[in-house]
Structures are given as C-alpha cells and as structure tokens.
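Two complexes follow with chain A in common, the first pairing it with chain B and the second with chain C.
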Partner chain A sequence: MVKKMLTADKLPALWSHLAGQGKLFLPVREGPTVLFKEWSEGFEVALDAPTSAVSPKDLFFPREETYMRYRCSGQAMELSAGEELESAIAFGVHPCDLKAIEMLDRVYLNQEPVDELYRERRAKTTVVALACIAPDPFCFCGDFGIDPVSAPGADLMASFDPRSGNLMLESQTPKGEDFLKGAASLLAEANGQSFELAAVKTADFGLDLEGFSESLKDRFEDPAWDKLYKSCLGCGVCTYVCPTCYCFDVEDYGHEMAGERFRCWDSCMYGHFTQMAGGHNPRPGRKERVRQRFLHKLQYYPETYGEIACVGCGRCLRSCPVNLDIVQAIKALGGEKDV
Partner chain B sequence: MCNTNPLMPQTARVLDITVETPDIKTLRVSGKEGLPFEFMPGQCAMLSIPPVGEAIFSITSSPTCRDCLEFSVKEVGAVSSALHSLAPGTQIGIRGPYGNGFPVEEMKGKDLLFIGGGIGLAPLRSLIGYCLANRKDYGHIDIVYGARSPADMIRKSEVKETWAEQPDTKVYLTVDAEFPDWRGHVGFVPTYVSDLAFTPQGKVAITCGPPIMIKFVLQALEKLGFADDQVITTLEMRMKCGVGKCGRCNIGPVYVCKDGPVFSLAELNKLPAEY
Partner chain C sequence: MAERYLEELNKIRDAVKQDLLGGRIDLLLGWEKGHYWWQSRPLFATGEEDLEKLAWDSFCAVNLSRYLLDELRDYQKIGVLVKGCDSRAFNRLLQDNMVARERVVLYGLPCPGMLDYELLVAAAGSELEGIAEQNGKVVLKTASGEKTIERDQLLLYKCRDCLHPDPVVYDQLLLAPRGEKEAPERFKSVTELEEMPPDERYAYWEKELSRCLRCYACRQACPYCSCRECFVEQEQPRWQGRAYQASENFLFHLVRAYHGAGRCIDCGECQRACPVAIPLQELNRKLIKDINELYGQFEAGLNTELEPPLLTYKPDDPAAFSEK
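For the complex of A and B:
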C-alpha cells in the first residue's frame, strides 16, 4: 500500500495524464446531474457529489456491446469476434457501486462459464474508488454494511478534501501501485497524513434485514404481492439505474449478407422479457414481474451468493415515478424494525 | 476479444431438412467434422441465423448418432421460421450443449415409461435413442406418444417401425380425435396413460409435451402411484444466453438453461409454480 497526495492545482494535469494511458471514465457534473463519462477537456469533474444518476456498471457491462460479426455469401457464413478492448480507468467509483460490481463479479466471473466480455473489461480497467463525502437523503448503504469511505476491492482508494481541493490516493493492489508510479511526477508525499473528513451519515429507513432473505422463501404467494405491484408502470427505470441488475438481451443488427450481434441491457420489468415464441409467458403481468425483480434481489440472489443484491445506493428511490422502490418492497414484506 | 466467449457460436452446416408435419421439420446439422460438440440426451443448443437471431432448441438425436445433430423444430417464431426456410447445405451458427440432460446413470436398471405429446417427443427421442443403443442397461421400455392428428405425429416410421420392433419395448400411439385413416387409439394422452394402468414399481416416467398435457399426465401418474422422484420432465423457457446469466429463464433461484431443463417432479415441487 502506497499513499500519495495530489494538490488541487495538479488535478487537470492528472486527468490529461490518465486519459493518455487509456480511456478515462469519471463522474462529471452536467447541470444538476452527475454521470460517469469518458473524460474530455473542460468537463467539470464531480469529486464532492452524491452518487451518479446511473451506476458505473456500464464500464464493465456496457449498455450495448457488439461481440460478433457475420458475413454470408451463398450458403457460407463466416463468424468473427469483435475488436480487442483498450485499457481503461474508472475513477471515482463510490464504495456502494464498487460493492455492486463485486456482486456482478460473482455472476460473470466466478460462476462457470466465465463471461469473457465482462472479464476482459474488468481485467483491463483500473478502478479508483472515491470516498463518498456527500450522501443524499436516499443513500442507505449503511444497511448493507458498506462503509462509504472505504472500498477494499478497488485498485486504489481516493479521498477528496473539499476545503483544499486536494486528493489523497492510496494503492490497494499492484495495479494501483502501477497507477501511482505512472503519475509519480504529479504526486507529492502524503507523509502519513489523512484528510479529516466529516463523519458520513447515511439514511435510516428503519429496515431490519436480519434473517429477511430466509423469511421470503415461502412467501412467493404472499398477499403482499397483490398490493405491491399495483402502482408499477412497468417503465423499467429501476433496472436501468440499478447497479446490481445484470440481465441482458442478445440481438442481431444487419442484413442477410453482413452485420453484427450485440448484447444489451434488458429488464425483467418488460413483458417481452420472458415471452416465448409460441405465446406462453411465465411472467405475464406486472405482479409476476415486480415479484421477480424484488425476489431476485432479496431472496434468489442471496440464496445463491449469500448476500442481498442491494447496496443502498438509493437510485431506485430517486428514479421510480411511483415510489415503488426497494425500501417500500422490503417494508411491505416485513423487513421493518418494530417501532 | 477472446474466442472463449461463451456467447460466440461456431459455424455448422444444415445437411438436410425433413418435413415431419405441416409445422414441424427436422434439420440434420453437422460441424466441420461430425458433431459440433459432445452432449448428453436432454441437452439443448442455440441455433442462429443472422440477422434473424438466435433461439434454443433441444437436441433430438441421440449422442450415439455420431455424424450429426438433429433438431425437430416447430414453426412458431422468427428463428424457427427462418430454420424452416433454409436450403440444405446452408451454414448456421451453433453453440452448446446447454443444460443438465436426463439422469441416464440413475435410470440404469429401471423400467422406463416415456410419455410424449406432439413436438414434445423431440427431447424424449434423444433419450429413447440412447437407451435403445444401450439396451442392456435399461429394463422394459413403454412409449406413449400422442398428437392432435395422425398428420401431427413426428418421426412416424421410426416410432412405428424401429422403436416398436426393439426387444422388450412397447409403443402406444394415440390421437386426440377420430380420423378417416386412423385405426389406432383415440383419446388424450393423460387419459390413455391412466387407461393403460402402468405400474410404478421399478419404473421412471419421463414426459414432455404441451404444458396442459404435462399437467394432466402428472396427475394421472400420481393416481397410478408414481412418487414425485419417479417422474421426470423437461421444461422450455425463453433463453438468450444458455449459461445462467441473462436472467430470464429462472424459476425462483434455479435457471432452466443450466440447472434444467430436466427436473424431477420432486425438484419442481420445491420451486415456485412460475413456468
């Protein structure tokens, strides 16, 4: 572990240096919204902002990615793989989002067969986590045991001091050490100091998650589902912003002679998701689809991987137009502290 | 990108296409040299025809057939229609095998009762072929096969001539209603199974067909005294990846593409009824 400091005046130089090493993605302020974007000169980098509107999972699991090209001539067909990826830096990933990436790792990396597309992006990306200093009223990562200012799984841990504008960078892996070596000319010694960050407090929605996943095992037919789904519009925004949602679709684009095959995000909130060619649909209505989404997060994923697939990032609370978010679901299913 | 991408198909050639019924055709497909991959009965493969797309089909040939894979495909959607209209010799994409397959080891030494309806015979045929090729490993074999009409039966000559001629093997055919040239049994499959009064002792029943048929077959078998672990079925779901990641074929925490498609009734009873 090596710790270095970057003074405020060197930040622009750091961004151009990193952008020269590979694609640099970081949180950028655009009006009232913060989004992860590929850096370019003049962007307002948001190191003191609440978590980004959309999670940075797309750096590893893009909204769409082409993985095959086809070429047909007569009866012959030729299939080829997509291009090799450049290396990348994901700078400023909040601890909640990093935890979510670790949840995707279990599905895509640790469960055979390895998802090669995801593995390559993960291997070629250096992840710099950023201590969260400005949680908003919807942030409840504390309920999932996440410390908003530490992320042991990242290559580096960064913390930003809003008063001085300085940045502290501490490597946590060999990749992180290489990162610091590469930027050495911009960095100063940390001399053992740390920023005195104000204590970070996340929301307390009164959830009681002790034994909650197990309690859902025999509640597939629970009457709570008959009420819970009713306000759902089926818009799918919850799955779009959720950092732990990982469902995808595979589609072709092209004509009979040539084209490509890509995968893209899909959503269990849409009717076509499980619609079979013959007409049968095992999850035909919003009730079944709402139940699927919440039980996947709260029971199925934990049953397989031992942990609820939620990191308390608060995005579904901010985005759902009818407030049918995961906190409402947990409460409706009995995961609330007695008051 | 690496060629170990599990979503990346290989090319294969459609050797020939046989018309089975007005809406079902059987395609014989081979890789560069014979089988594109090794598999077991009950497993499936993703077939693709760009730019139409990719869809999952059960392999209907037995792994003891070494020169090609066979797929009996009912025309219901975009990919199945495209497969139906292919000319022999055309190359398609293929990847697999997917799924657990039938428990051929655990079935050894047991009598087998196959109950198929319509296109549902396709996955059973792979297992029937495998058991007949390893005839001494399995006990008495009964095959009940039904379709809406005689014209809707697949693999007719194989069922009537080849299978029915095998030692210690009996074939029972039925159609849903009377037809001029049909002199066999008339009636729905579940009722026929009840009427034939199969005994459960030392037997495993394997069934596949339309969901409504499976539902009543399971009831019929229960009445005949079959225990839940003596009844095996194979499920169908919409799938995109085939490897338990794309998220659409789950029943509770179980993925049909990788943990299934073959389940015993005992296993299914532990899962939510969402299939």
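For the complex of A and C:
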C-alpha cells in the first residue's frame, strides 16, 4: 500500500501520461450527461459527479465485441480473431460499480467456462476506484453493505477533493503500485494525510432485505406482479444502464464474402430475447419480462452466487421514464421495513 | 400553486371516483407519487383505494394515452387523465385506428407545463429540499434558504414550446382552460442545425447519436410508435442490425423520425425518456418544419378529420424534390 498525492495542476499531465500507457477510460461530461469514455484532449473529466449515466461495465463487457472475422477469396476462406486488446486503465470507477464488476466476475471469470474475452479485458485493465463525494438522491448502496468511499477490489483507490482539486491515490495491488511508479514524476508524497471529505449520505428507501431473496421462492405467481408490471413501457433502459445486467446475443454481420461474428448486449425486456424459432415465446408480454428481470436480480442470482445482484447505484431509479425501478419492485414484493 | 393543485386534485378525484365506482369506467389511468416529491408516475386505478394515491402536480409528465394500446385488451372502458399533449397523443392513436373512441373517457386537464427536476437542482445551487409555487414563480427551498425563480425557466424541454396546454379532445374538462400559447423559439435549434455546413451537422449528429444505447425508450414512450411490430424487431428481412455502430444508430433514429413525419405531435416524450440526453425532439421538429414549409402549416393530433400531409396526395402538392 503506497499513498501519493497529485496536485490539481498536474491532473491534465496525469491524463496524457496514462493515455500514453494504454487506453484510458474515465467519466467525462458530455452535455448534461456523464459517461465513461476513452480520454482525449479537451474532455471535461468529471471526478466530482455522481455515478455515470451508463455503468462502466462496458469496459469489461463491451456493448459490442467481435469474436472473429472471415474473408473469402475464390475457394479460400481466411479467419481472423477480433480486436487485439491493449492494456487499459479504468479511472474513476465508483465503489458500487466495482462491486457490480465483481458480480460479473462470478459469472464470466470464476466459473467454468471462463469467458476468454472478459478474462483478457479484466487482466489487462488497471482499475482505479474513486471515492464517492456526490451521491445523487437515487444512490442507495448502503442497503447492500457497500462503503461509498472504499473499494478493496480495485488496484488503486482514489479520492478527489473538490475544493483544492487535488487527488489522493493509494495502491491496493501490485498493479496499483506499478501505476504509481509509472506516474512517479507527477506525484507528491501524501505524508500520511487524507482529505477531510464530508460524510457521504446515501438514500434510505426503508428496505428490509433480510431473508428477502428466500421469500421470493414461492412468489412466481404472486398477484403483486400483475400490478407491478403495468407501467413498464417495455424499453430496455433499465437493463442497459444497469451495472449487474450481463446478457448478450451473438450475431453475424456481413455477406458470403466477408463479415464478422460478434456479440452485443441484449435485454430480457425485449420480446425477441426469448423468441423461439417456430414462433413460440415463453415470455410473451411485459409481465413475464418484468418478473424475469427482477427475479433474476433478487432471487436467481442470489440462489447461485449468494447475494442480490443489485449494488444500489440508482441508475434504474434515475433513468426509467416511468419510475418503475428495483426499489419499487422490492417494495411491491414486501421487502420494506415495517413502519 | 400547491393549494391550487390540491383544489384541482380534489375536483379530479371526485369526478373520476364517481365514474369508476359507478361503472362508467373500469380502469382509470392517472398518476401517483413515486419515491420523491419530484416524481409522479403512472397509476392504474381500479378501485377507491387506488384513487387515494392519485396525484396531480408539476411532475405529471408521463403521457398516459399510450397505455391504452395494452389496457384496452383487458378493460372494456377506460378513463384517462389527459393534458394538452396527452390529448393530442390520443388523437394520434385514434387516427391510426389503434384505439376505439367509444371505449375511452377522456378527462381533460389544462396543463401548466411540467417542471424539470434537473433544472430545479441546478437553479437551487445547494441541496434542494422542496418547492412551493405561486403566481408563475417557483420557490426553491434549500438548506441555505429560499430562492424564487420564474416558472417558465424551469420547465421540461418538452413543455417549453408548448402551443396547446389545453386538451384538444375530451369528454369532460375538469379544470379551467389556460388558453393557447405562443412558441416563437420552437424551431430555433432546428434552424441553427440547418445553418450548419453539412459536414459539421453530420459530426453533430454522429456525436449525439454515438451515445444511443438502442434501449428504445424513445420509441416505447412515443404515441406515434404504435406498430405492433417495429421494423427494428423484424427478422425477415432484418432491417436493423444489432451492432452499436454509427450507421445502425442513424438508421434507427432516421427511419423512426421519417415514420413520424406529419404524425409526430411534438410531445417530447422521446427526449424525456432518453437516458443519455439525445436531442431527439430536434429530429422530429425538423420534419415538422419541413412539412410546414412544403405543405402549409400542419399540426398533428389537433384534428382527426385532417389527414397528415404525407398520407395524402393532391395534384397541386409542391414537387420541391424533383424541381431541384
């Protein structure tokens, strides 16, 4: 564990230094939204923002990823792999989002078969977590035991002082130490100091999750579902902004002479997700799809991996055009404290 | 304003309660409060208990007319609370033969324009605890005192250039009309975009659309997107690829916009629903502006007797495309 400080004036130099080491992804302001993007000169880096509009899961599980390409000439066909992955830095990942990435690890990394593309991206990426200083009213990571200012799984933990603009960086893994060594010329000694940041207050929706997952086992046919799904518009916002949604589809693109096979995010909120050849759809409507999505988070994932697949990042609360979010679902299914 | 809302809410509740309990309607589509005071979300009321949750305030932005598409399969007679834009959305669905007029009771609510929480927060400057409204002004209550701002400056983007706050179709008008409005700046952004050199304009849209997740929230919130099966989902032929490429994003948004040409009521639900703030309303407004200029002023959703210009043919239609 090595702790260093970076003064505000050195931030731009840090970004260009890091961008020279590999691909640098960080939260940037684009109009009214904050998104993780590959850094380039002139970006407004948002270290003081709440969680980004879309989770940074796409740094490890991209929206679209090529498996292989093919090209034919005459009778010969040439196959090639997708893209060559470079080393990358994910800078400014909030503790909730890192926790979510650890949930994806269980699915794609820590069980057979290992997802090779995911493994490679994980291995080649240095994760710099960022202590949360400005949670918005939708952040409720506290309900899932997440500390908004620490992320033990990250290679480094950063904290940003909005008053001085200084950054504190503390390594937590050998990768993190290498990071600090590489940037040594920009960094100053921390001399044991820490920023005195205001306590982070997250939302309290009065949830009671004790034994909640187990209580859902016999509630597949519960009448609560008949009411809950009604307002759902049937779009896929919740699944695409969610840090713990990890479904994808495999598609081919091209023609007989050249093309590629790729995977891309898919959403259980879409009809085609379960559409079968021959026309049958086991989840024919919004009710079945809403139920699937929430039970996956609240019952199926916990059954397999031991905890609820929600980190309280608040994105579904923020983005759903009709405010049908996971807190609504938990409450409708009885996961609320008795008042 | 809060008092006015309370008074209005009581009026609304009395009217719909009578109809719901009396059997004139089987379901009422209204709003209820969400987690916070700045959230009002759809309410599906079938009994007296549900009506206790009914809400009416400056955050009832969600257009409820669209829910008729599904709910008319389950309920014989449905009551809907409609603001100005919602009523034009209803006309859109009616003109597209998607709903049966006689199975819907429309309760008209002249609308003051809905507020944008993000703007309230930005204007407050410090932690926003609540608001009060009076005489066209909003009082922002923050940890460090109160701040008064003109209401017009805090409206949702979709409400800023509203022409018809009053419902244009209804069975009962429950509140006092507010009168037509002027919107001199409605096409300002479109004009700015038109004036850009083509490459610059392309770069603008490429950047804006690069954020698109293709979550289709814009489509699902839209009253002109009422197709049972969207071209996006069609497998044979496959029009829309699943790849997240600029070309696929352009394809989706441009085809959708053209599909709405002359049909879009400019309610702005698409833009409000977008999780990554793509200025979708400008795409639709560009087509509205073009149609106005080519075929004369036309407003979709105002009058169901008038065919949208692109769905009709007249021998004297301008042929601006072939003349060039």
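In the analysis below, the second predicted complex is superposed on the first by the 329 of 339 C-alpha atoms of A that agree within 3 Å, B and C clash if a C-alpha of one lies under 4 Å from a C-alpha of the other, contacts with A are read in each partner's own complex, and residues count from 1 in each chain.
Going forward, a residue touches a chain if its C-beta (ideal position, glycine included) is under 8 Å from a C-beta of that chain, and two chains touch if they have at least 3 such contacts.
Quick caveat, the model's predicted, so the values are computed rather than measured.
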{"item": "Clash or fit (per the criteria above) of chain B with chain C on chain A", "value": "fit"}
{"item": "Partner chain in contact with A:Gln21 - chain B first, chain C second, else both or neither", "value": "neither"}
{"item": "When both partners are placed on the shared chain, which of chain B and chain C touches more of chain A", "value": "B"}
{"item": "Partner chain(s) touched by A:Met68 [first = chain B, second = chain C, both, neither]", "value": "first"}
{"item": "First, second, both or neither for A:Leu324, with chain B first and chain C second", "value": "second"}
{"item": "Which of chain B and chain C A:Gly31 touches, first, second, both or neither", "value": "second"}
{"item": "Contacts of A:Lys230 with chain B and chain C, given as first, second, both or neither", "value": "second"}
{"item": "First (chain B), second (chain C), both or neither touched by A:Thr173", "value": "neither"}
{"item": "Partner chain(s) touched by A:Asp249 [first = chain B, second = chain C, both, neither]", "value": "both"}
{"item": "After fitting on chain A: smallest Cα gap, chain B-chain C, Å", "value": "9"}
{"item": "Chain B and chain C contact sites that coincide on chain A, given as residue numbers", "value": "249, 251, 253, 266"}
{"item": "Contacting residues of chain B [partner chain A, same complex]", "value": "1-11, 48, 50-55, 74, 76-80, 87, 89-93, 211, 236-238, 240-241, 243-253, 272, 274-275"}
{"item": "Of all residues in chain A, those that touch chain C in their complex", "value": "30-33, 35, 53-54, 63-64, 137, 205, 227, 230-231, 233-237, 239-241, 249, 251, 253, 262, 264, 266-267, 270-272, 286, 317-319, 321-324, 327-328"}
{"item": "Contacting residues of chain A [partner chain B, same complex]", "value": "67-68, 70, 72, 75-79, 81-85, 107-108, 111, 113-117, 120, 220-221, 246-256, 259, 261, 263, 266, 268, 273-280, 282-283, 288, 292, 295-296, 299-301, 303-304"}
{"item": "Footprint of chain A on chain C - complex, ascending", "value": "34-36, 39, 41-42, 44, 62, 66-67, 70, 118, 211, 213-217, 219-221, 233, 235, 241-245, 269, 272-273, 275-277"}
